[in-house]
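Given below, in the form of structure tokens, are the structures.
Across the two complexes that follow, subunit A remains constant while its partner is subunit B and subsequently subunit C.
Up next, the complex of A and B:
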């Protein structure tokens, strides 16, 4: 089992969604994905832990989320729990020392995350109460 | 209904209500605030206990109605409240504050503008309201929520008056060097007295905040609560009805966040209320259509009511519930975190307008929720599309309005003073000082780094000094 990234687990569940990582950088990206009808094919990768950015995707049935900031107490953490959509928050690459630091986040951290995860087929392992894992699907 | 459970999984959450219990830790972080040189504070019940021990007055203990009706706090009482609110803000929000940029709404910018605006201008509106209805009338505004669902005179709004308008507003202005620690003492008293009266009037146990009562918000009168509980339908995990109920809860909660620009003013939990069968109920308001906001027209067009209220019955043994917190921003957190599979019953109600009488509340059958869900999803997509086309400036000022106007809207609306505040006192205008700060807060990371650091470390909540006078406003603009 190759763990690509780890982070806070928004809530514990036996659900283990699989999909191709899709980085969403703007509201237009979100609308475009919804219009494509392929929402259920993707694990969504976003920067923030806020809710509004992903609102329509959550509402329409996103299967799994990876965030680069935020915690289970963040709005997106709360909503992913309510939707029962597995969510790994403030994920970091297991192959990198770069970490998200509140108020002092380096742009390169986000770029590296997006570059390393985008397009990979992954599964979210969120059975642990604290740690969520992004596992590479061979 | 109760789910069969193994003995090892049985709930222990009631242990949290024993005097000697310190509660669980929900996070590893610690809070220092103004308590430099002393052991840092923890989150949860233990943090509340230590705050009470360190207080120099009795203002954090149970107070009487007569205490709340007094015109003024003493300066030491103001300092105890300042310290407590600083910790309380940290307790409920420090982990949320890790969430970074929204990608949609510049929330840190609108928040800090609103905080400071509130501190400057709310005292006038709150004083006018107190003059109109009297101190007892302000307590009655809170008390009315004991017999209503779907009201925004709720925990998060009441808390916001003091924690946000006073606490974070003053903190932001101190960080900007716009005020000094001994300025605006009288105005601080005005804000905090209003908050105390509403909350003491509502809770009627002498406390103001849920954190003072081990995170319980059991505010409803028993006979009123029973009329809600009587409508609960049993739900079985994995059944279509369970799915319909939980999906509707999530979707409506999401829209409530969105309609309030990604803040929690759109939702309000109370409870936990224990049932005779040992299960617990959370009463949850989801405000999906605030007609005061122009962007909410899409919610009205979709046929949505002002608010949906859900009664959520949870089997604590099914999830091995160890602790449940209904915190002061009206949000429920549990350990273990995932309570959704343990939901064993639910009921949904709709309140058409903010002042629709309780006798006219509609009960929505769970089998009818898919139709409601479609309306919620339609409004969500339309509102999202609308917001995605708004400029940064429009988003900031709209979010500012949700905080600055929306946090006291329910109280003034109930008091009948909202229109007067808008028309006579120009509540909806932007104070010139705040308009100027619009640019200042976006420089040198003030909104995104300086203020969050001051707020969440607690270092920005400077105490009132020994020379502070309860009658003092701002006497000078010097250095």
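Up next, the complex of A and C:
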């Protein structure tokens, strides 16, 4: 099992969604994805736990989320629990020492994560109470 | 289109649609207190401006909606943004908001020996404690919102909406605490936070 990234688990569940990672950087990206009808094919990667534009995707059946910042107590964490959508928060790459630091966000951290994860087929392992894992699906 | 400046009713209607991401005319009336006829007129104007799309009975914000809201709020709230009482209120909100997020998380999950498990709401004593804390936080928020309402009466609607949600919770309809699909306390609170940020011209802190 190759763990590509790990972070805080928004909630513990046996759900184990699989999909291709898709980075969503703007409301337009979300609308485009919703319009494509392929929402359920993707694990959604976003920058923050307060990414409000993701709400429509959650209500329309997003299967899993990875955030690069934000805590399980954030708005998105709360929503993910309400919708029971697995969510790994403030994920970091296991192959990199780069970490998100609150109040000192380094753009290169986000770029590296998006570059390393986007397009990969992954499964979210969120069976642990604290740690959520992004596992590569071969 | 990004420099479109809206009149007061158009702003209030479009702002509600943007905060809710999708809203019916009746939902806008309920949230804003604006008369139905005025909401319909504003929706028609916003459609003509290309700021709103209507699908069935729902209105959705188009790409230029937020830029128009930002341009309008920059004018409408220029004085408010430099008002020391408002700035103090916004700072206090950040503290209360942090407490609110913690309380909602505690409503959703119970800490059992360091492990967080889903709250199945069978422990009424636990739930009552959380609801009591939530009630106090909402009361605190309404006090803070009063600072804004004194400067723009539209903010007064949040108190009305919180009271409605609270009535439901007190009646035992616990979905009105945090359900994302109804006018729950969490949804109203979140919309206020977004509204406050736009009013003040601020960005969210991650």
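Keep this in mind: the second predicted complex is superposed on the first by the 137 of 138 C-alpha atoms of A that agree within 3 Å, B and C clash if a C-alpha of one lies under 4 Å from a C-alpha of the other, contacts with A are read in each partner's own complex, and residues count from 1 in each chain.
Here is the rule we go by: a residue touches a chain if its C-beta (ideal position, glycine included) is under 8 Å from a C-beta of that chain, and two chains touch if they have at least 3 such contacts.
Here the structure is a predicted model, which means the values were calculated and not measured.
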When subunit B and subunit C are modelled together on subunit A, clash or fit: clash
Superposition-derived comparison: subunit B or subunit C, residues of subunit A touched: B
Partner chain in contact with A:82 - subunit B first, subunit C second, else both or neither: both
Contacts of A:5 with subunit B and subunit C, given as first, second, both or neither: neither
Subunit B versus subunit C as contact partner of A:66, first or second or both or neither: neither
Which superposed partner A:46 touches (first subunit B, second subunit C, both, neither): first
Which superposed partner A:124 touches (first subunit B, second subunit C, both, neither): neither
Contacts of A:93 with subunit B and subunit C, given as first, second, both or neither: neither
Partner chain(s) touched by A:56 [first = subunit B, second = subunit C, both, neither]: both
Where subunit B runs into subunit C (options 76-84, 130-138 or 310-318): 310-318
Residues of subunit A contacting subunit B in one complex and subunit C in the other: 11-12, 27-28, 47-50, 52, 55-56, 58-59, 69-70, 72-75, 78-79, 81-83, 102-103, 105, 129
Of all residues in subunit A, those that touch subunit C in their complex: 11-12, 27-28, 47-50, 52, 55-56, 58-59, 69-70, 72-75, 77-79, 81-83, 102-103, 105, 129
Subunit B-touching residues of subunit A, taken from the complex the two chains share: 10-13, 25-28, 30-31, 34, 46-53, 55-56, 58-60, 67-76, 78-79, 81-84, 90, 100, 102-105, 129
Complex contacts: residues of subunit C adjacent to subunit A: 21-22, 63, 66, 101-102, 104-105, 108-109, 114-118, 178-181, 186, 190, 194, 204-206
Residues of subunit B touching subunit A in the complex: 26, 93, 95-105, 107, 246-247, 249-251, 253-255, 257-258, 261-262, 264, 331, 333, 336-338, 340, 376-377, 380-381, 383-385, 387-388, 445, 448-449, 452-453
